[in-house]
Structures are given as structure tokens and as C-alpha cells.
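Note that the chains are named A, B, C, D, E and F in the order they appear, and that numbering of residues resets to 1 at the start of each chain.
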Amino acid sequence: MNDAYFHPQALCASTNVGAGTRVWAFANVLPGARIGRECNICDGVFVENDVVVGDRVTVKCGVQLWDGVTIEDDVFIGPNATFTNDPFPRSKVYPESFARTVVRAGASIGANSTILPGVEIGTGAMVGAGAVVTRSVPPNAIVVGNPARVTGYVADKADAGVPLGDDVVRSPGGMALGVGGASLHDLHVAKDPRGELSVGEFGRELPFAPARYFLVYNVPGRAVRGEHAHKECAQFMICVHGSCGVLLDDGRSRREITLDRPSRGVYMPPMIWGTQYRYSSDAVLLVFASHHYDTEDYIRSYDEFLKIVAGEPMPA
Amino acid sequence: MNDAYFHPQALCASTNVGAGTRVWAFANVLPGARIGRECNICDGVFVENDVVVGDRVTVKCGVQLWDGVTIEDDVFIGPNATFTNDPFPRSKVYPESFARTVVRAGASIGANSTILPGVEIGTGAMVGAGAVVTRSVPPNAIVVGNPARVTGYVADKADAGVPLGDDVVRSPGGMALGVGGASLHDLHVAKDPRGELSVGEFGRELPFAPARYFLVYNVPGRAVRGEHAHKECAQFMICVHGSCGVLLDDGRSRREITLDRPSRGVYMPPMIWGTQYRYSSDAVLLVFASHHYDTEDYIRSYDEFLKIVAGEPMPA
Amino acid sequence: MNDAYFHPQALCASTNVGAGTRVWAFANVLPGARIGRECNICDGVFVENDVVVGDRVTVKCGVQLWDGVTIEDDVFIGPNATFTNDPFPRSKVYPESFARTVVRAGASIGANSTILPGVEIGTGAMVGAGAVVTRSVPPNAIVVGNPARVTGYVADKADAGVPLGDDVVRSPGGMALGVGGASLHDLHVAKDPRGELSVGEFGRELPFAPARYFLVYNVPGRAVRGEHAHKECAQFMICVHGSCGVLLDDGRSRREITLDRPSRGVYMPPMIWGTQYRYSSDAVLLVFASHHYDTEDYIRSYDEFLKIVAGEPMPA
Amino acid sequence: MNDAYFHPQALCASTNVGAGTRVWAFANVLPGARIGRECNICDGVFVENDVVVGDRVTVKCGVQLWDGVTIEDDVFIGPNATFTNDPFPRSKVYPESFARTVVRAGASIGANSTILPGVEIGTGAMVGAGAVVTRSVPPNAIVVGNPARVTGYVADKADAGVPLGDDVVRSPGGMALGVGGASLHDLHVAKDPRGELSVGEFGRELPFAPARYFLVYNVPGRAVRGEHAHKECAQFMICVHGSCGVLLDDGRSRREITLDRPSRGVYMPPMIWGTQYRYSSDAVLLVFASHHYDTEDYIRSYDEFLKIVAGEPMPA
Amino acid sequence: MNDAYFHPQALCASTNVGAGTRVWAFANVLPGARIGRECNICDGVFVENDVVVGDRVTVKCGVQLWDGVTIEDDVFIGPNATFTNDPFPRSKVYPESFARTVVRAGASIGANSTILPGVEIGTGAMVGAGAVVTRSVPPNAIVVGNPARVTGYVADKADAGVPLGDDVVRSPGGMALGVGGASLHDLHVAKDPRGELSVGEFGRELPFAPARYFLVYNVPGRAVRGEHAHKECAQFMICVHGSCGVLLDDGRSRREITLDRPSRGVYMPPMIWGTQYRYSSDAVLLVFASHHYDTEDYIRSYDEFLKIVAGEPMPA
Amino acid sequence: MNDAYFHPQALCASTNVGAGTRVWAFANVLPGARIGRECNICDGVFVENDVVVGDRVTVKCGVQLWDGVTIEDDVFIGPNATFTNDPFPRSKVYPESFARTVVRAGASIGANSTILPGVEIGTGAMVGAGAVVTRSVPPNAIVVGNPARVTGYVADKADAGVPLGDDVVRSPGGMALGVGGASLHDLHVAKDPRGELSVGEFGRELPFAPARYFLVYNVPGRAVRGEHAHKECAQFMICVHGSCGVLLDDGRSRREITLDRPSRGVYMPPMIWGTQYRYSSDAVLLVFASHHYDTEDYIRSYDEFLKIVAGEPMPA
């Protein structure tokens, strides 16, 4: 344990603190804790034994890391952010094992936020200051409020997920979205006194013939759906009533589209990480899928998806 | 003009009154009128010149048939029912030609109803007493109120259009409806805290692979849609939001289904006369069609449809 | 058949027309009809055979009385009012028997109204001009519209059914309503930040201890309930949500009360003819009854009720 | 009474029938009636004594004109249209005097409509077929339904009262409407995250400095307001919440504007007959007036307004 | 003060710390504080002078106990939970006396929650992590959110307060709920086109004749009512409109029932601690009581109730 | 640095701490910090370098003051209140400069609240315990919740901002409000079956003739508008639909009025600091202004306004 710095008023019983890490006044690190390199453990932080902290992590004043908490690399934890490890605490009553909380690489935990036990904060996610996180946070999601809900996603730095306006030109092949081969399609509408009719012909306006359709509805406002990619299956999505937000991510750039009319569709080819959220209470999302259901076709871990996109070999 | 009976107090200048027809007291038939056989023209009825009345028609007291009115066979016209032939009447101002009103075979016009100029009352339709008919009435439809709207369809006498209850068993091939090869399908639903998902696989739960879909929405409550049959094209209908009524008619029997959930579909094979109405204000009807759009595939006249079903040769 | 007057242009084959009755030009009375005394049968009226008309009845121009119609004494029938006797008319198709329509003594039928077959228009009722009456009309009720609905009751001439305002003083014994021993009670309300509480003690604020309660709810807006009197049973009514109108009638005077708050009750002693209507869609009416249910305790005919109140002997 | 034609089956005891008028079969005109020139009294019409009919009036079959009815020149009365003269008819009970009903010059009464007693049908108004008219109808108004409500106004033949679309260009002096000096003004709007602000400066965007403002609100949907002109006072109207229709009429042409946003105003100079109707339930109409209130400034009779516009001298 | 443990970096000026209690690094206990036995006072906790802490209390890191705070036995206080003692703090302005905050025995205070001054946290209550408690919390209640509201009650460990489903069989004597003699009753409903009627006869379906009724309505959504037991008086509750939750507690087991239809009642015999909450905004709760109002019959302290149930002698 | 007190366990590297200030155990003040006189820096507080603290400031336990935070005189900061200085924190990623947060004189920051970076807490404002402050807080405003919104204003101690009840007497000159020359006006209302009309004559009921009007609408519920004073221009405000709160402040006393009807206006003479908030979603505020728009007439800083009212000379 060379190269780590300890303030004279700091307490540290652990011998597992990485090089370049600094531990400041009135902090207290118990012997079982493992802390990576180049971390900053500020005044008054308390770290229990069954805790793992990665490299380049910042833990601001007034934070405690309890047994069961894992912090991956490059995480920021704001001042007075509060972790927990018992969902139903009673004095002198201990659970058989503590709930495990994981903060994935690159995430940030806002000042004075509260993290309920057992949740996972996804890669790159941003927990707003003062948020009370009661369920897991998707990768790159931004959550705020009490209880915390997803209000957006961290935008692609280059292009940025600016929602498309009403001025999208209707084009037969759709408008490329700059995320993999995804495209936005405005479909033909016929309107007369008896109502409106929107129509699409498969293999013409729509880029494939469907093997399956499904309808998603009665979605609670704060629910987040999708959160997977397909290896082979393409999808075409239309929000036929109400509205929802669709986030497309090819592992390199991200873009968010609001679907809010029966005549607007999004084509999502394979190998796009898709997320749907911000469902209005009356939303009905119609999805056409190019293949029948096949559980093998799903990639359900964003970290795994990133690895595949990056060309990393997958474990057998 | 033998065999017709004229009450001594009746006036009849027409020589075109069929055998068995009776004309009662204080009625007045002008010379140009043509009246078929076995009709009953009651007290005080007035018939202008440019009027054609079919066979076996009943015209009750207090009715006038104005220039431009055509009454086909077997029609019943209730007492004080009132026809019109000028949509914007002004005294001493005459339209270039009178609007033409047609009452198709077998229809009934309720007592004291009002028929606006230029409408067509479809075959077998029933206009309720006191109704004010401001637009054409589909075949077999029942209309009531001011203005009149479709509230139902005259039921098949044998089976009767009793709507199906909630107790329909979900069966892979659907439940036969007794109208041509039409069937009702309850599709699989998966429900979890993030909402509901209803799914159908084409060629499995759904009897055909679609070449086209369309969405119908923003339908005014009183609008009636469909009202045609297809020669080749099959359809599968799901009301994915709100509700609507679907009427199926194979020319022999009729049945009405209420579609009110995303997981319920109706399969409508070719040569079914289909009508949709009673749309809720938030209804969205999703239709899969087995063929691309082809205007030649449509039969748009119910009378023509009946003839084809009956095996009558069509005019070239 | 002396004393009846017949216009020279009138047709009358019946010999059953009472003294003082006049039949005007172009009217036509068939042989089976029976018409009472001092009636006025105006121009163009048509009376079929199976028809009974009481005394002092006025039938204005353009009216037909079909087989199956009974008109009691003192009825007024406005011009072009239209009766019917077949609920589903088809030309040349006759029902086994015609629906019977009865207009009770003293009722009035508005001009150009339409009376569907088989209904009963109650004693003293008033059908508004242009109304389309699709169901029976309670005694003394006023109905208007298409379809017709009860909008009020013919007021007592002396006191008049003026609804009570908000200025009713809360009094322990209630405020006498001038209809039998009925009274209006404003009950104690306690209000605090947790809500409101209205309370009544039986035998104190409420004049009897209940043997039974019942709740009436989900009442369609146009429904009329009650319409009976009790021989022994007293009732106390509170509209605990929404609002409804309560009509009290002791056979001599009538009064209408709007119940629209949980703290307002009406005490209705025995031998009051009670009617409730104008239910708001969210109305819940709570009724306390002084006796257990006993079908013998009900008087369900208003005419019978009037006779009992008048002291007439009832048939065994 | 030369030149009038009477069908052999007509009855006419009046000697007050104008030249060129025809009375057809089974009609019956009582001795006190006065009928103008070139009228057409069709089959079965009944005209009582206390009735005045103007010139060039058409009365179709099945109509009765009761004591108290006045029909001005050029009126059309459709078949089976029904008048009344007693608001609460009871057999053998007669009102002290009959309610007086007036149909103003050039109006049309639709087929089978019902006219309640005592109403006035305004100059040029159009009562739709089957309507039940329960209150007076403004000049040129179109009414339909049961009860009848104003749904529009008879359009100016030349320009026609086509509502203006959203494409009105914002111009400092407003857009001339072609009705007197009236103009439409789209005012400046500033919008930011704290809401919207619409502003007008008097003497700049608005053509006068106000002496008075008034707010109109809680207007029942079927109410019609305004219906007067000012001799001196100019007005500027903005519907600041909800929407309403504004009809402007300079006695020569008419135009209707829908006001539906806080930034749209109508300038109405003196000597315009203004009518407001089709208020949404939440409408608030803000009016600036150039003068203080002065009852002498009002012209409340449309017929008087027409005479002033036409330059006719007014009675002292 | 033997047996208590003090970390070398802890400050403790109080001599009133119980045996087995541990005080950890950077904690600071002022001289006036009294702390019971076997407590755990974690890193960085600050305890002022006018503070009483019971036995077996856990106080996690980052908590301050200010003057005026009382913590009873067996309480858990999560990390960074924050107490207050001045409702309107201004620097250098001190209230005459500090508001007193009491946390009753066995309660838990969630991590990072905020407790406004002067509230009482009831016996066994559970304050959720991140909650902001602005008013007192009932015994055993669970509160979450900002501001905190009651979302449930800590369930009985044995049976658990699982809400009853729709499958409750209607039985004359009701269904026993396993909490004292409480029972659930589904009452008879008669339904016809005029609406629904639910009825109960006292002494038959309902187990007692009422001396009193009361109606509770206009209850704010977050209000909690009841919270008392009766010594003698029985109650029967029906939510006649809307819905509410009823919690029954006999001191040994608890159960929660949702009342949401006029035909469902709960019988609550004496010596049941009853709580009603989760009122819908349109809820109306009807309660029949077996006795007239008697303030002596109420037990308003849950702790007192528990003692009576346990057979402890009450103070005179 | 004489006269300041430092607990033996406190760390303080700054030499810029004022007389009378106390720094308690486990606090840590870095060398660049400047702290005024008579402050109280409690246990465990951390003060970074680029921080300025005024006189008589209280900082309770568990608070950190980061680089970029300025605290003016007489501020209270409750325990565990948490400041921030990076709106989008990532570990090891630093903004070019830290956001600056200012807490104005006399404000209080509630316990465990969270202050987002870059906001300004206005003079005398009160941030509620547990609030999450995401935008600047107006002078004297009270904010609570997550996110925090204005729920009221700190009342004038003498008169107190008690909202006026419905019992305000209508008086020609309005009712003086005790804030400068402001007055409340109840205007004349005429009500008839066609709706309501509220009217005001300029120079009579309204104290000035307007040069300009403006309409404010579509205001988000939590928006606060106004927040300025005029040197010359007077205003008259009417909330013509919905409701809003109007706060008037002459620098000496404050009063809040709820405007909730078209007939109630507030006259606000020059040199009143006016704030409008608590807009209902359907609110439309009509404002008459005595002068045309002039940007020089606005005072937009409350602190500047207070100085002008106090007669202090303004900087050139």
C-alpha cells in the first residue's frame, strides 16, 4: 500500500487501498474494504468491510459505503448521498445477508440522493441531486425526484438526442437517424368526415414483411421497456394511440424519437439497443417484428451489447 | 287499371296504379305518379307527379310523397312521416332539380319521422319513430333520434346478432361465428408491472400473412365505416384502443361483435359484407389485409353483393 | 246518437259517439270506434276500429288513433301528434296483436309528438311538443325531447313544487313540507382538515329506528324510481353523493325537494306517494326504512293511491 | 276576392284571400283568416280565424295555422310543420288569450318541425326539418335539433360567411373583413417557459382608447348574445379563454369569425349588427368599448337596423 | 458508566450512557444527553443535551439528535436521517422552547429522511428512506415520499395484511377476518335497468341495530382517520361511493380490507383498533354504530390500547 | 484572528475568520475560506477554499460549503443541507469553472435540503426541510418539495398576508390593502340566463385610463411571474379565468390576494413590488397598464427596490 495518501485525522484499517488514492480527515475505512487506485475519499466518509471500490472513484463528504455496496470504476458519489443495505430495518434485527447494491462504471450519484438497497445503477447513468432511487436505473438513464423516475438519457456527445420536430419530411424510404441503419417513416394518411386512416404496405413503405406483431399498452408512466437488442430480428414501431419516447443506441451514438401519431413509425434494424419510456397513460405501441419469437436472439445486457459492438469475443 | 280500389272521397288522377292497391279517403294522387300492386295508400296521403312507388308498399295517413321520391317494393311508411325535396327551401324559390330520395326494398320508415332531401334509406333498414334522418342509412341499419344515428342492425332472424360475452374461450383457431368462415380470436396477453403485451404470430394465431396494415382513428361517434365486401382479400381486425362494433354479414346471416380490447381480433374472410360503427371517441382499429390495395377487389353495393351471393349473373 | 255534430265533409261509420261531441271536416271514424261525450274531433283526424275515447277529449288536426289506443277522459291530443301500434313495422307483416297504448285521465299529448307503441301516459302527465315518447310516463310527469325524459312534475296549483333553497334553517324536528307529515332535515356536520362528518342519531334527529337500510346507485340519468306509497312503512332519505330530486305527493298537494348533500334528509311518513328522479350519474341514495320488507305494504298504482286517500272503498 | 283559385274539394269561408293565391284539396280556411297574394295553401291545410298570412307564402300539406299565428311575406312552411298556441294545454281549458307566434319575412320553417307557442322566428331565419323550436330564433339564424339550437347563420350570398383559417397574416391595422369597416387583428404574443403573454397598445394596435371594458362568461352553450348594433360606440372583442363565434352584419353582407385565442381580436365599428354565439363552456369574452354605457346608443331591432342602413326615415 | 464502549476518537461528555452501548469515532455526545443500554451510536453522530435515547437504539452515521428529541426503545435511525427542532429557523433567532419530537418504541427512521419538528413517529412505524415527514405518523404506518404519506401498514407477521380479493363468498354471517370478531359482509344487490340497489336488514344481515349512523366524506387523499378503539360500541362500515382502506388491529394481528362497493361491509366489534385511509377523492364512508356517542367509550392512544389488550392494569 | 473559538478537534487553516465565530469538533475549514463575525460552524462542517460566509451565519452539522458558494449575512443553514457546484458531475472530470451559488441575506436553508448548482436563494427566503431546489428562489418566497416550488411568501410580521375572504364589501373606490396605495375592487356583475357579464368603466370604477393591456396565460403551475416594480406605471389586474395569487410588497409590508373571479381586480400603483404565482392551469390574467411599455420604468432587483424605498442613493 504505497503511494496512497492518508490525512493525519483519517482512520484506515484496510491494507487494500490503491496507489494515488487519497483519504481525508475524519474518514474511516474498516479493514475489509478494498479501494482502487486514484480514488478520492473525502472528509467524514465511512467505508464498511464488505465493500469494493474501483479505480478513479470520487466519494464526497458525508457518504457511507455499507456492507454489500460495490462501486465500479470512474463513479462519482456526491456529498451526503446515502446508501442502504436493509429494505426493512429494525434495530438489532439483522437480515440473513445484506442486499447488494452495484453502481456500474462511469455512473454518477447526485448530492444528497438516497439509494434504496439492492438496486443497480447502470453504466453511465446519472442520479439527480436529492433523488430517492427505489428501483434499478438503466444504463445512461437520467433519474430525478422522489421516487426517482427516468426523465431522459445522457445524450450522445457528438450529435445529441435532440427530438425530431414536426417538420420531418415524408419520404418513401424513411429518414436516416444516424444510429445504425435506423430510420423514421411518416406514412400516408387519408382523412375524410368519417375519420382518419393511416396505411402501410409491407415490403413497400415498411422495409420487411412481419412474422409477428405485438401491442404494448397499459404501461405505467414511469415504466421503462425494451432495454435489449436483437441479433437478427428487425422491428418497426408505431405508437397508434397516445405517445411514447423511443431511444435508439448503436453503441456509438444515441438518439431519441417521440412517437405520437398513428402515421409515424421507426424502423429499428438488428443490433440496436432499444429503449421505450415516457409512455402516456393511454399509449398503445404497435410493433412489427421480422422474425418469430426466439429467446436466443435477445441481448439483454447493455455491457454485453457494448462488447459485441466493440468486437470483443464473448465468453462461451 | 282494374282491381285497384278507390274510396269515394279519394282523388286519383294517375292511371298508373297497380292491381290490388287501395287508395283511401282524402288521399290525392297526381297524374304523373306511378304506384305498384297491392299497395295501401291511407287517408289524407298526397302523392305528387315525379314519384314511383313499388309493390306491396304501405303508406299510412298524413304522408306526402313529393317529386323526386322513389319507394321500392315492400316498404312501410308510418303515419305523418315527412319527406322533403329541397335542402334549403325558400317560398317561390325552386331548385333546378329536386333532390332525389330513395327508400330501398323492405325498409320501414317510422311514424312521424322526417327524411331530409337526397338521402337513401338502405335495403331492410328501420327508421325509428320520430327520427330526423339527415344522412343516408346503411342496409339493415336501425336509426333513431334527432339527428338520427345508427344504434344497431336488424338482427338475423335465425341466430340473431347477440353480442358475444366475455366468456369466449381462447382457442388457437378462433371461434367460428356462423357467418361465412369468420372467426373470433382471443390472443395471448402477457402482463407484468411494466404493462401489458398482446402478441400474434402471422400464419399461426393469425390465419394469413399480411401484405398491408391500416389504422382507423379519430372516427366521429356516429360515423359508419366499411360497408363493402372483398372478392379476394381477407382481413383481421383488432380494436387496439377504445372500442367499436363490427357487423359481419354473409348475405344469409348477420352477427355483431364488439371489439374492445387489444387482445381480441376478428377474422373476416373474403365475401363477407363488413360494417364498423359505434366507434368510441378514442378508438383505434388495426386491420391486417391479406392483399395489397386493389380497387377492383371491392364490392361497394350491398344489393350487388346480395346478388353475387345468390349466384345471380352480374351485368357485364 | 243524438246531439253529436258531424261536419258535412266528415265521415263517421261508428254509432258510438257521445252527446255534445263534434266531428269536423275530412275526419274519418271507422265503425268500431267508441267516442265519449263532449269530445272535439278536428279536421283530418282518423279513428280506427279498436279505439276507445273517453269524455271531454280534444283531438286536434292531423292525429290518427290506431287499433289498440285507449284515451281516457279529459285528455288533450295536440295537432299532428302521432300514435303507433307496431314496434317493428314491416309492410304487409302484421303482429299477432297490436300493442296497446293508454293515455290516462287528464293527460295532455303535445303537438307533433310521437308515442311509441305500448306505452302508458300517466294520469295528468304532460308530453311536450315534439317529444318522442319511448317508455311509459309517470302520473303528473312532464316529458320532453327525443327520446323523451322526465324533466319535472306538474306542480300543485296551490302551493307549487318550488324547490327549497339553501336557506333552510336546521331544526331538530325538521321543517314541515306541507305534504302529509313529511319534513326536511338538515343534520349536524363536523368539518376538520381530515374531511367532513355528518351524523344522525336514530330516535333523536331521525324520527324512527330503522329496521332496514338500502342504497340506490348507478341510476341512469333518465330513470325514475320509487313511484309507490307505503301503508305502514316510513322512510328517511339522504343523497350521500351526487344529487337527486325527490317528489312527495299526498294526493292533495305535491312538493319537490333536491337532495344534494350528505347532511340533508327527507322524512317521508306512510301514505305519501314518493318519486325519485333526476339522479346525477354519481348519485348514491341512502334510505332508512322503519319496517322490514313486506310486499303487502306497497301501493303501486297511483290511481289506487288516489282512491285510498279519497276514502273510496277498495275492491276486495 | 277575384283571381284566387280554390280546388273543388277545398273549404274556404274567408273572403280575405289575395289575388293569385291557390287553395288546394281538403284545405279548410275559416272565415276570420286573412291571406295575402300569390300564396300556395296545399292539401289538408287548416287555417283558423285569428290568423294573418302575408304575400307569396307557401304552406305545405298537413300544416295548421292556429289562432294567434302571424306569417309575414315570403315565408315557406314545410309539410307537417306544426304550430301551437297554448304552452300548457288541457282539454276544455282555454287560456285567457292565445300566445302569439310570428314568423318574420323571408323565413323558412322546415318540414315536420314543431313551433312552441309565443316564439318569434326572425327575418330570413331557417328552421331545420324536424326541429323543435322552444325559444325565439334570431334573424338569419339556422336552428336544428330537439330542442332547436342555433348552429349557424344564413351566409351572405356574395362573399359567404366562410370562417377565416389560421393563415390570417398579422398586420398592424388588421385585416379588413368586408363588412362595414370591421377588421380582424392578430396581436403580438411573447412566449417563454413561464407562459405566454399577448399585448395590445390602445391607439396603436387597437384602433381606439376604451372608455369601458366588459367580460362575458359562464354563457350556456346554446345562448346567443349581442343581437344589437351601436350608433356611435365601437367595440374590440377578444375571446381570452375558450372560443366563440362572432357574426358581423352591416345590413348588406355578413361574415362569421371564430375567436379562439387570446391574441386574436375583432374590431367592430358602429352600425354593425353583432351577434355572438357558439360559446364554449369555458369561454371568456373580453370587450373594449369606445364609449361609456348609453342606452340610447343601442339599436335592438334588426328590422329597424335594416331600415336605418337602407336610409329609411325612422318614426319619431 | 461502566460497560459502555467509546472509540478513542469519540467525544462523550455525558455520564448517562447505559451498559453495552457503543459510541464510535467522531461522534460527539454533549453532557446533558441520556442514552440507554445496548445502543449503537455510529461515526459522526452528534447528540445535544436535551435528548433522551432508550435501550437497544441504533443511530447510524451522519445523524444529529437535537435538543427536544426523544427516542424510545428499539428504534432504528438510518444514516444521514435528519431531525429538526425549529419550524421556522432564522440565524441567531431562537424559539422560546424547542419543538419536541418523539419516536415511539420499535419505530424505524429510513436513511436520509427528514423529520420536521414536533411530530410523533408512532409505535412500530416505518419511515421510508428519503421521506420528508411533515406530520405525525400513526402506529405501524409506513410512510414514504416528499411530503411523506401513509402508503400502508406494517403487516402482521403471522397472517399478513393481504387485501382480500374479489372472490370473497357472500355468506349470511360474514366471513371471519381473523382479527378479533371482525367479519366481512357481502350484501345483497338487486340490479335492473333503473340502477342498482343494495340492501341490508338490521339484526339479520347486519349483526346489530344501530343507534346512530355517520357519513364521512370530502376526505383529503392523504388523511388518516379513525385511529381509536371502542370499549363497548360496535361498528359496521360501508364505503358507499369511491373507496377506502380499513385497517383492523386487535393488538395481536392486523388485517387490511379495501372497501370499494356499496354492497361490501365490515363489521368491527368493540376492542378493535380501527384505522381508515387511502380514501379516494370521491369516497363516502357510511358507518352504523351500535351505541349513541359517548366520549368515555373511546380509547385514543394505541399504546394504552395495547396495554388493555395485554391485560395490564390502567392508571386511575 | 483574535476572539474566534476553535474546538480542539476542529481543523482550520484559514486566517480569515471573524471575531465571535465558533468552529466546532471535526469541522474542517480550508485556507482560502473567508468567514465573518459571530458565526456558528457546527460539528463536521467542511468549508472549501473559494467560499465567502457573511456575519451571524449559522451552519449546522453535516453541511459542506464548496468552492463557488457565497453566504450573505444572517443566513441559517440547517443540518445535512447539501450544496453542489457541478450540474453534471463525473469523477475526475472538472468544469472550467464551478457554478456559483448565492444565498442572500437573511435566508434560511432547511435541514437536509439539496441546493442545485448555480441558483440564487433570495433575500429572506425560506427553503423547507428536505426540499430539492432546482431553480432560483425569489426574495421572501417559501419553497418546499422535490423539486421545490413556491408555496407561499414569508408574511409581513405586523399585518400578515392573510388572504382576503369572500366577504369583501364592494366599494366604488376599492378597499385599501395597507400596502402602499394598493386596493382591491369588486366590480359590478350582471347575471341572466344567457350568462354573466362583469363590467368596469375606466376613470370610474378603475382608477386610470389604460394605455395598454396584456393577457398572461398558459402559465406552468410552478412559474412565478412579475417580480419587479414600476417607477411610474400603475396596473390593474383581473384574473378573468382560473385563479392566481398576487403578492404586493411596498418594502415595508406585504399582502397576498387570490384573484379567482372575473369581477375582482387589484389596483397596484407605482413603487409596489409585485409577484404573481400559483396560477391554475387554466388561468388568464388580464392586466391594464397606465403607460405604454418603457423598459426604463422597471426595477428588476428586489435589493435595489428596497434601497430606493429606504431612500438610499442609487449608484449612477
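By our rule, a residue touches a chain if its C-beta (ideal position, glycine included) is under 8 Å from a C-beta of that chain, and two chains touch if they have at least 3 such contacts.
For clarity, every value in this text was computed on a predicted model and none was experimentally measured.
Enquirer: Going by the stated contact rule, which chains contact chain C and chain F alike?
Expert: Shared contacts of chain C and chain F: D, E.
Enquirer: With contacts defined as at the top, give the pair, C-E or B-C, that has more of them.
Expert: Answer by contact count: C-E.
Enquirer: Any idea what the CA-fit rotation angle from chain C to chain D is, to the nearest 5 degrees?
Expert: Angle of rotation between the two copies: 120 degrees.
Enquirer: Shared interface numbers for chain E and chain F above half of all numbers used, same, or below, different?
Expert: different
Enquirer: By mean C-alpha position, what chain is farthest away from chain E?
Expert: The most distant chain relative to chain E turns out to be D.
Enquirer: At what distance in angstrom does the C-alpha mean of chain F lie from that of chain A?
Expert: That pair's centroid distance is 37 Å.
Enquirer: Rounded to the nearest whole Å, what is the centre-to-centre distance of chain B and chain E, using the mean of the C-alpha atoms as each centre?
Expert: Comparing mean C-alpha positions, chain E is 64 Å from chain B.
Enquirer: Give, as an integer number of Å, the spacing between the C-alpha centres of chain F and chain B.
Expert: 67
Enquirer: Counting only residues that touch at least 2 other chains, which ones in chain F make the list?
Expert: Residue numbers touching two or more other chains: 26, 44, 62, 80, 112, 132, 146.
Enquirer: Output every touching chain pair, sorted by label.
Expert: Here the touching pairs of chains are A-B, A-E, A-F, B-C, B-D, C-D, C-E, D-F, E-F.
Enquirer: Contact residues on chain E for chain C in the complex?
Expert: 193-203, 209-220, 223-225, 238, 240-241, 262-263, 279, 282, 284, 286, 288, 292-293
Enquirer: In their complex, what parts of chain E are in touch with chain F?
Expert: Those in contact with chain F are residues 11, 26, 28, 44, 46, 62, 64, 66, 80, 82-84, 88-92, 112-114, 116, 132, 146-147.
Enquirer: Chain E touches which residues of chain F in the complex?
Expert: On the chain F side, the touching residues are 9, 25-26, 38, 42-44, 56-58, 60-62, 74-76, 78-80, 106, 108, 110-112, 126, 129-130, 132, 144-146.
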